Amino acid sequence: MTAPIVAAHGIHKHFGQVHVLKGVDLDVAERELVFVIGPSGSGKSTLLRCLNRLEEPSSGSITVAGIDMLSPKTDINHARQHIGMVFQSFNLYPHMTALGNVMLALRKVAGKSRAEAETIARAALERVGLAERAHHRPAELSGGQQQRVAIARAIALEPRVMLFDEPTSALDPELVGSVLAVMRSLRESGMTMIVVSHEMGFARAAADRVVFMDHGLIVEQGPPAQIFENPAHERTRAFIGQIRQH
Amino acid sequence: MSAWDRFVETFFNAKVMAKYLPDILYGTVVTIELAVAIVLSGLAAGLLLALVRSAGIRPLNWLIIFVVDLFRSLPPLVIIVLLYFGLPSAGWSPSSFVSTWLALALVLMAFAEEIFWAGITSVARGQWEAARSTGLSFAQTLLYVVLPQALRLTIAPLTNRTIAITKGTALGTVVALHEILGMASSAVSNSYNPSPLMMGAGAYLVLFLPVVVAARWIETKFAWKR
Amino acid sequence: MEEIVQSFFNAEIAEAALPIVLAGLLNTILLSLLVVPLGFIGGLVLALLAQARSRAVRWPLMAWVDFFRAFPPLVLLVLLFAGLPFAGLELGGFACVAIAFFLNTGSYYGEILRAGIESIPRGQVEAARSTGLSGLQTMTYVVLPQAVRNVLPDLLSNTLEVVKLTSLGSVVAVPELLFQARQAQSVTYNPTPIVMAAVIYFLILWPVVRLLSRLENRALVGRG
C-alpha cells in the first residue's frame, strides 16, 4: 500500500469537560471508500469535521494529501479546496442559484475567471444529473436535488478526498436513492471517500472498509462483510442488530 | 495647570455644577413627567386604535391607517413645531409641555397601533374560529384568546420603539420646554461653561441607560422564535 | 374656516416661501445621502466586531452601543455643537450632525445587522469554509447578503427614522427643510411654510411607511 492520502493519528477532542474523541487513528488509502458507523454521540461526525479542521482537534496529527492540516503554517483555506465536504442539512446558499452555489469557491478560492468557473460548475452539475436545474434556487429544489447540488459544489473544486456527514439523514426515503446513486458514480470514478451514514445497504455494496466507533474510539474495523456478518465485539454486534431492526 | 486639569475645570467644574444642580434636577422631573405622560397616553391610544381596527369597519380603518401613516411619516420635531408655533394662529396656544406631549404621544400612538395590529393579525385564524365556535363573543375572543397571545409578540418591538420615542422629550427644548436639555443649555449660556451640559447628559444616561439595558434583556427573553 | 385656510394654507405665502422651502428639501436630501451611508457603515463595523469571540471585544462594544442608544440624538448633537467649542474645537452644525448621527444611528444599524448575522445558520459558514473560503469571504459572499435580506424591514425602518431625524439639523442651523421652513415662518408670521414642510415630508416618506407596514406585518405574521 502506498502512503495513505488521509492520515489522522492520536486525535483527541474536548468540548469543555466532555471528551468526545479519545485518541482516534485513521488511515485512508487513495481511492478507498471508508464507511464510519456508530451510535449518535460516538464522535464520528466530530472526527470527520476534524479532518478539514471545521473542528480544531485538541491534540493529534492530521495529514491530508501531503498537507499537515494542523500546522500553523498551512493555509487552511487553500488546503480545504482539496477536501470536499457534504453536510446532513445540505447548507446550500439560499440566496444563490445552484450554479452560483457551485461557482462561488471556484471564483473566490480557486481564482477562476467567471467563464471558466461557469464551465466547470456546469460540468459538475451535469455529473450529479442537475444540468437543467442550474438556474434554480435551493428553495425550488427537492431535498435530494439540493444535496446533489451540494455534492457538485464540493467536487467542482476537484478535491482529493470527499467527506460525507450523514448525507441522506435529512432526506425523505424516496429521495435517498438519487443521492446514493451520485455517490456510487463518484466512487466508480475513483474518488477517495469517507462517509458517516446509516445507509447499511450502501455500505455493504460500495464500501471497502467499515469503521465502527463508540464513545470516542474506533472499536473495530474491517471489510463490510466481516463487520456486518461477523463482528468481533459485543458492542458492534449490538449496534448492527439495532440498525437491522429498523 | 495640566491639560487634564484644564479639561476637568472646563467640563466638570464643581462650582458650576453645584450651582446648576437644582436646575438640572428640575429639568429631570419635567422630563420624567413628560415621558410618563407620553408612554401612558401613547400606548393606550395605540391599543385602542388597534382594537377598533380589528372590528373591521372599512371607512374607519382607512382613517386609522391614514392617521397612523401620517404620524409615522412626519418627523416628531416638525409636529412639535407645528403644534407650538402653528396652533396659536387657529386660536389655541398649547404650552410647550402640551405641544411636546401631544406630538410624541401621537407618534407613539401610531407606532404602537402598527405593532399591536401586527400582533393581533399574527394570531392564527383558527384561534378565532375555535373561540367563536365555543360561543365566545367577538369581544370575549379578542380579550381572552387573541390579545394575550398578541401582546407577548409585541413586547420586544414595542419596548424599543417606546424608548426611542420617549428620548424625543429632549426635542421639547426647541419650544423652550424646561426639561433636562433646555435647563442645561440655558445654564451653559448663563455660566459660559459646558459643565451643566455634561450634567444633563449624565441625567439622560441615568434615566435611559437602565431602560436600554432592560430592553436588551426583554428582547432576548421575548425573542421571536424563528 | 376662511381663517384656518389663511393661516395654514395661505397660497400667497406658500408661493413666496416655496423657493426657500425647496432649498431646504435639497439640503435634507443631501444630508440624508450623507448620514444614512455613514451610519450604515458604522453599524456594519460594529456588527462585524460583535462577531468576535473574545469578551474583551464584545463587552465594551455592547456598552458603546447601549450608551448611544440611551442618549437622545439631540442631546448628543447639542453636546457636540455647544460643548466642543469649550475644548477649542469649533466644528459647525453640519459636521456635528454628521458625527452625532454616525454615533447614534450607527449603533442602531449595528444592532440590526448583528441580529441579521446571528440569524444565519452555522451550517452556512461551515459549508463556505469547507470549500476554502476565508472568514472574510464567507462574511462577504455568504453571510451578509442573507443577513441583510433577513433584516431588510428593520434596516428600512431605521433608515426612515434617520431621514426624519435630519430635521434635528435645524437646531444647529443646518439649513435643511425644517430650518428653512421656520425661517420663512418667522419672516411671514404665518405657519404656512411649516405646513408645507410637513406636507413635503409626508409625500416623500409616506410610500416608505406603506411599504414598511406591509413588510412588518408579513414578518410578524410569519413568526407568530
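Labels A, B and C are assigned to the chains in the order they are written; within every chain, residues are numbered from 1.
Here, a contact is a pair of C-beta atoms (placed from the backbone, for glycine too) under 8 Å apart; a residue touches a chain by one contact, two chains touch by 3 or more.
Nothing here was measured: the structure is a model prediction, and the numbers come from that model.
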Inquiry  = Measuring between Cα centroids, which chain is at the maximum distance from subunit B?
reply    = A
Query = Just by CA atoms, which chain is the most central one?
reply = C
Query = Which integer distance in Å separates the CA centroid of subunit A from that of subunit C?
reply = 47
Ask   = In whole angstrom, what separates the CA-based centres of subunit A and subunit B?
value = 54
Remark   = Between the Cα centroids of subunit B and subunit C the separation in whole angstrom comes to 17
Remark   = In the complex, subunit C touches subunit B at residues 3-4, 7-8, 62, 66-67, 69-75, 78-79, 82-83, 86-87, 119, 160-161, 164-168, 170-171, 178, 182, 185, 190-191, 194-195, 197-198, 201-202, 205-206, 208-210, 212-213, 216-217, 220-221, 223-224
Ask   = Can you list the subunit C residues touching subunit A in their complex?
value = 121, 123-124, 126-134, 137, 141-142, 145-146, 149
Key: Residue ranges of subunit A in contact with subunit C within the complex   = 52, 54, 77-81, 83-85, 87, 89, 91-95, 104-105, 108-110, 150, 153-154, 157
Ask   = Can you list the residues on subunit B that touch subunit C in the complex?
value = 7, 10-11, 68-70, 72-79, 81-82, 85-86, 89-90, 114, 117-119, 121-124, 149, 153, 163-164, 167-171, 173-174, 180-181, 185, 188, 193-194, 197-198, 200-201, 204-205, 208-209, 211-213, 216, 224-226
